[in-house]
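Each of the next two complexes has chain A plus one more chain, namely chain B in the first and chain C in the second.
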Partner chain A sequence: MDRYFLTQIFSTCLVCGVYDMKPGVAVHKFSSCDGCQLAFLNLGEELLELDRLVEIVHFAEAGPFDEQTPVAIAFVEGSISTQADTERIRRVREQADFLITIGACATSGGVQALRNLADSGAWHASIYPEPEYLDSLDNVTAIREHVKVDLELWGCPVNSRQVLAAVRALLFGVLPETDRDKVCMECKRQQNVCVIVAQGVPCLGPVTRSGCGSLCPRFGRDCYGCYGPAEALNTASLGKRFAGLGLLPEQVVNRFRAIHSHLEEFAPPQGPDYDRE
Partner chain B sequence: MERPGFLPRQRLDDLLVLLRDSGYRVIGPQLAEGAVVYRDIGAASDLPAGVTVESGPGSMRVIKQDSPRQFAWANGPQALKPRLFKPAESLWQVQRDAQGRLSFARCDETPQAVAVIGVRACDLAALRIHDQHFLESEYRDPYYARRRERLLLVAVNCTDPATTCFCASTGDGPAASGDYDLLLDELEDGFLVTSGSPEGQKLSAALALTPAPDARCEVARAAVERAAAVQTRRLPPGDLFDRLFAHRDHPRWSEVANRCLACGNCTQVCPTCFCSRERDETPLDGASSVHQREWDSCFTEGHSYIHGLVIRAETRQRYRQWLTHKLGSWHRQFGRSGCVGCGRCILWCPVGIDITEEVHVLMQEPVHD
Partner chain C sequence: MTESKREVRIKVPVLTRVEGEGALDIAIHDQEITELRLRIFEPPRLFEKFLEGRDYQEVPDLVARICGICPVAYQMSAAQALENAFAVEVPAAVHEWRRLFYCGEWLQSHALHIHLLAAPDFLGFNSVTEMAGKYPAEVRRGLRLQALGNDIMELLGARSVHPVGARIGGFHSLPTANKYAPLLQRLRDAHEDARALVLWTAGLPLPDDEQDFCSVALHDRTGYGMYGDRLISSEGLNIAIEEYPQHFSEFQVPYSTALHGGLHGRPYLVGPLARLNLNAARLPRSVQEVIEATGIRFPSRNMFHSIVARAVEVLFAVQEATRILEAAPAVDVPCVEIRPRAAAGSGCTEAPRGILWHRYETQGDGRIRSARIVPPTSQNQARIEQDLRNALQAFGLDRDEPALRLHAETVIRNYDPCISCATHFLRLNIKRSTT
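After this line comes the complex of A and B, so read on.
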């Protein structure tokens, strides 16, 4: 995605900020809890400003329903977990110039990807009298495993600031900034006391991407990694530290797996203590 | 030398009231979030009485004791650095009017005068380095300067170093040697008060203290000597530039990278680290933008990003950058080491990497298999 292409999509007058044609925006939902879409709905007055700058074409949770009209930006929430999803995500991609995944589910598979670690067929059979009516794939997958993704916004859920920063950058015709630093950096800027050191709790801040404003440590609790892996990861060393804090090997593995189990980066380190299953 | 005055403990509030009446916002140590942190102090009863700290690499716990002492703790995660070099602040903003003209304005705040109570010798040493960097270099930092000009320092000599402290070996503590307005030595029943500046002398005179007898001064001196003697960690003295840079390819760099999380915590708690990054925050309407500066670290990828390339992609390189700068090239930049022996990088490293231990190994000739 280069600058030239972006300015083609978002051709705006830099003086008055008015567009030849308001860029269309769609917000699509796949398998998810709808929490990331709240990043839009919680905007308050800024939602009116957003509506002035872009044409919200499709956003079922807010009202507008039109999956057919091509758009400049498609936001995608949720993971791919049914056969129907696999077909719908292709249509979403075809109709969007720029596709942004929002949240853990869309970006990595999210919480529901935990079922990839289990025998989902056996679960279905034990719960539903006629499981053959279910359209459910054995494995949950992220959007990027199906179509090209132009930008990933991490978090469970994402926040309004991330979404607005992405829209603003695209309207300027530039790629949104990505910050792959660790939560620790945000945490220290807020002058929080480190919960690993002062409380001995298994905080995932040192391996987790910033962007949340170190929400959990700010309230004295340990980060559970919902913003996904940061760059320059050392999960093996942090896992060892968690063991030193008294976590059993299985607890260490589960700590990393909770939100992003489908990611290689948060997979258990190889070794006798951490063998999978 | 001026004989210190004696301030009985029950009169500590007199000092706080005096500071407030002199127009200072008073900041001091408090027990919060399981550590000693610097916050606004209303009265002497806010100070962490009977609090001491049990610590080691990557771990600390606060211990409450039945003691009247309010300064019997080793340093918390931060002290003066965030007061002067803000973790995040707005530098300037730009506004676009209806004709498309841009107007720039510096974000000017006139900070309130601040008095900080309980400053340790290590933090005063770090402050001297930051003054060199922010005030005395070619590019004077007006944001830092404004806050620095309105800062009053009430130092307290350290009598209870953490096991991670090694200020005696860097020559920066535990006794404060200057750059304070007032210096306190804490005794069981009160404080010795020494002034170190005209402003300090004024405050000291206003307190109308009686001169402290020799015996009290002797007790205070012995306590600080003991605080030096109990320290077990140490850094090799002198300029380590040649020895560290000669060992650029030492296998220990990779070995420490196996443990290092590259989380940047050591640099964020280090009172002398001063790296920052800048970015713009733009409201959705795109009509204005605020230019922000915030703490950065040589452990982030952005720190070594130049023209599409991250120069130090590996943690090994980042740790090496930090340590060789702090203890090596810092000498050429500032005429001294960048380490003041506060031990924070050891204590607040989530995996307890010990700079004194790493340096010791890195100075040795590598052992080849």
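After this line comes the complex of A and C, so read on.
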């Protein structure tokens, strides 16, 4: 998507970046914990400021409900897990110039995609006495498996800085910058003590995208990968390191299969670099 | 109008300002409600199943994802259950820090619900941003309290949504005095805001609608209950939390993905009003004085007093958090050592919306054999339906549909239902007929 197109959407002047019309914004929810919408609801005073910059057309949890009016930006939280969801996400796409997924569920399927690894029919039956009442697809899927996504904001949850930076950049008619480097890089910038080296805990920082601010290592614990895969990652090598720390093969698999289990990048490590013996 | 045969159907997407997705179906026949169903269709997420086989240490990070608004509650109930299973006692000082963590969550969740979700109903607005035009000072005060709650959670968990600081046995790390000094000052300054909030909510034009219902809450010997090992009710129940399954049942209804809960087969209430109805005497004297100044007496049978109860708990959380930080509980190590064993343990804590019960069975190596989680909203679901029947009857079934719809939404929102815990947003479908 080039700058000219963006400036068309947001009616911004190519020279000064000033826009002449309040762009419409929608926040949609699919299967999720509602936590990424809190990136907006926890803004405090800035929520009132955001309301001055954009027209919040649809945001059911905050009040405005209007799924029909076309918008410049649609934020989508949650993953697709019912037949009705697959139809609704298509309508959301049709109504939006620019579609942004927020959080792990929308971007990769999220934690509930763990059920894709098992026989979810049997799982339903063990929790619900009458599973035939449920409208539930066999697999939980990410938004991009159904419609075109213009920008993905990673994180479980995304934070307010990420969503505001995206809105701000788009209002200026430019594509938002997203982090791709590793949590390790962020740790080095913050001068955190490495928890793998110092404590011998199985930290996923070497394969996880930065953007959170290295929260876990900063709190003296291992990153569990909630911001998803970083660029140029080597899970096989890290898996081997975890085995060296004393993790059993199944524990190594579980480290990768957690918040983003539905992603190939985080598939259980194998290959020449990774020797389970 | 009632003489002729008529049937009215309304299909309107309605219940906004709740967490999650659901719908409401009402059929009215000859001035009587013949059918009323709160339908919850948030897809099942099957947490209890995928916890099986995971290491006990992964549980707090996984169960937090059930709810973005009350992750601390999930982490704390899970920690309590697993610590019970492993027969571990956390030191009193660590317990105090957990209490502070929980104060942060009550504060942010209650301030969010009062200002962003509930108050617009009583003042005739559709959203907080609309309300901010007419009530800028009140909205700013609410957002300040919400931010304070979030910042307490960040102090102990690095972020307020899915915080990363808690673990089975304690915390990964605890803050030093220089880190929380500014927060303590803000807490002291917030007492006045919180007192003013209680009086403001009590002055809102709340409907007067007295009903009979059974309140259920935790009983804490040491204070107003966030934690506790016994469950009590307004009808004389007094049991250990392990005995929960013998008295409380969950059943499935065809129109909802949230299981309904019953106490001895009957609806019951959990949450701020239930807690205040049962435990008001355990509040600090200074909080009780503010309640007296409102003129509202607890126990109260008016469900609309829930918003006042929530504000009272905001004031309590601010005072309690101040007390804890001033005492600065000293801890040698933030986490006690855990020796996993094959066992079972229950945990129950007071989430912002009411009791959250967990039970885990573990294997000898510390992996989870089975998990059971009962969130507050599924417990309240049968009570909400019962309330709606009474409330709409009292409101007048001959009123026009928009008025009925708004009243029904107000009743539902009053419970602060967290549909993500149990479900999303509501469409109302009223069918009317006469014979």
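Keep in mind that, in the parts below, the second predicted complex is superposed on the first by the 262 of 277 C-alpha atoms of A that agree within 3 Å, B and C clash if a C-alpha of one lies under 4 Å from a C-alpha of the other, contacts with A are read in each partner's own complex, and residues count from 1 in each chain.
Quick note on the criterion: a contact is a pair of C-beta atoms (placed from the backbone, for glycine too) under 8 Å apart; a residue touches a chain by one contact, two chains touch by 3 or more.
Worth saying up front: this structure is predicted, and the values here are computed from it rather than measured.
A.B. asks: Once both complexes are superposed via chain A, do chain B and chain C end up clashing or fitting?
C.D. replies: fit
A.B. asks: Once the two complexes are aligned on chain A, which partner has more residues of chain A within touching range, chain B or chain C?
C.D. replies: Comparing chain B with chain C, the partner touching more chain A residues is C.
A.B. asks: Touching A:108 in the superposition: chain B (first), chain C (second), both, neither?
C.D. replies: neither
A.B. asks: If you stack the two complexes on chain A, which partner ends up touching A:185: first (chain B), second (chain C), both, or neither?
C.D. replies: Touch status of A:185: first partner only.
A.B. asks: Once the two structures are placed together by chain A, how many degrees is the angle at chain A between chain B and chain C, based on Cα centres and rounded to a multiple of 10?
C.D. replies: With chain A as the vertex, the angle is 110 degrees.
A.B. asks: Based on the superposed arrangement, let me know which partner A:238 touches: chain B (first), chain C (second), both, or neither?
C.D. replies: After superposition on chain A, A:238 lies in contact with chain B alone.
A.B. asks: Where does A:226 make contact in the superposed view: on chain B (first), on chain C (second), on both, or on neither?
C.D. replies: The answer is second: A:226 touches chain C but not chain B.
A.B. asks: Touch check for A:162: first (chain B), second (chain C), both, or neither?
C.D. replies: neither
A.B. asks: Which partner chains sit in contact with A:62 here, chain B, chain C, both or neither? Use first/second/both/neither.
C.D. replies: second
A.B. asks: Quick one: is A:141 in contact with chain B, with chain C, with both, or with neither? Answer first, second, both or neither.
C.D. replies: neither
A.B. asks: Looking at chain B versus chain C in the superposed three-chain picture, what is their shortest Cα distance in Å?
C.D. replies: Nearest C-alpha pair, chain B versus chain C: 10 Å apart.
A.B. asks: Looking at chain A, which of its residues have contacts with both chain B and chain C?
C.D. replies: After superposing on chain A, chain A residues 220 contact both chain B and chain C.
A.B. asks: Considering only the defined contacts, which chain A positions touch chain C in the complex?
C.D. replies: Chain A residues touching chain C: 29, 31-39, 41-42, 44-45, 47-48, 51, 56, 60-65, 67, 81-82, 84-85, 110-112, 114-115, 118, 120, 123-124, 126-130, 133-136, 156-157, 159, 212, 215-216, 218-221, 224, 226, 251, 254, 258-259.
A.B. asks: Where on chain A is chain B touching in the complex?
C.D. replies: Listed in rising order, the residues of chain A that touch chain B are 14-17, 46, 49-50, 53, 164-165, 167-168, 171-172, 177, 180-182, 184-185, 188-194, 196-200, 203, 205-207, 220, 231-232, 234, 236-238, 240-241.
A.B. asks: Which residues, counting only chain B, touch chain A once they are in their complex?
C.D. replies: Checking each residue of chain B against chain A gives 32-35, 37, 58-61, 76-78, 82, 87-88, 98-100, 258-265, 268-269, 279, 282-287, 294-297, 299-302, 313-315, 318, 347-348, 350-351.
A.B. asks: Quick one: which bits of chain C touch chain A in the complex? Just the residue numbers, please.
C.D. replies: The contact residues of chain C facing chain A are 13-14, 16-21, 41-50, 54-55, 58, 61-62, 65-69, 71, 108, 112, 116-117, 120, 126-130, 132, 139-140, 143-144, 146-147, 150, 158-162, 164-165, 167, 172-173, 251-252, 254-255, 257, 259, 418, 420, 424-425.
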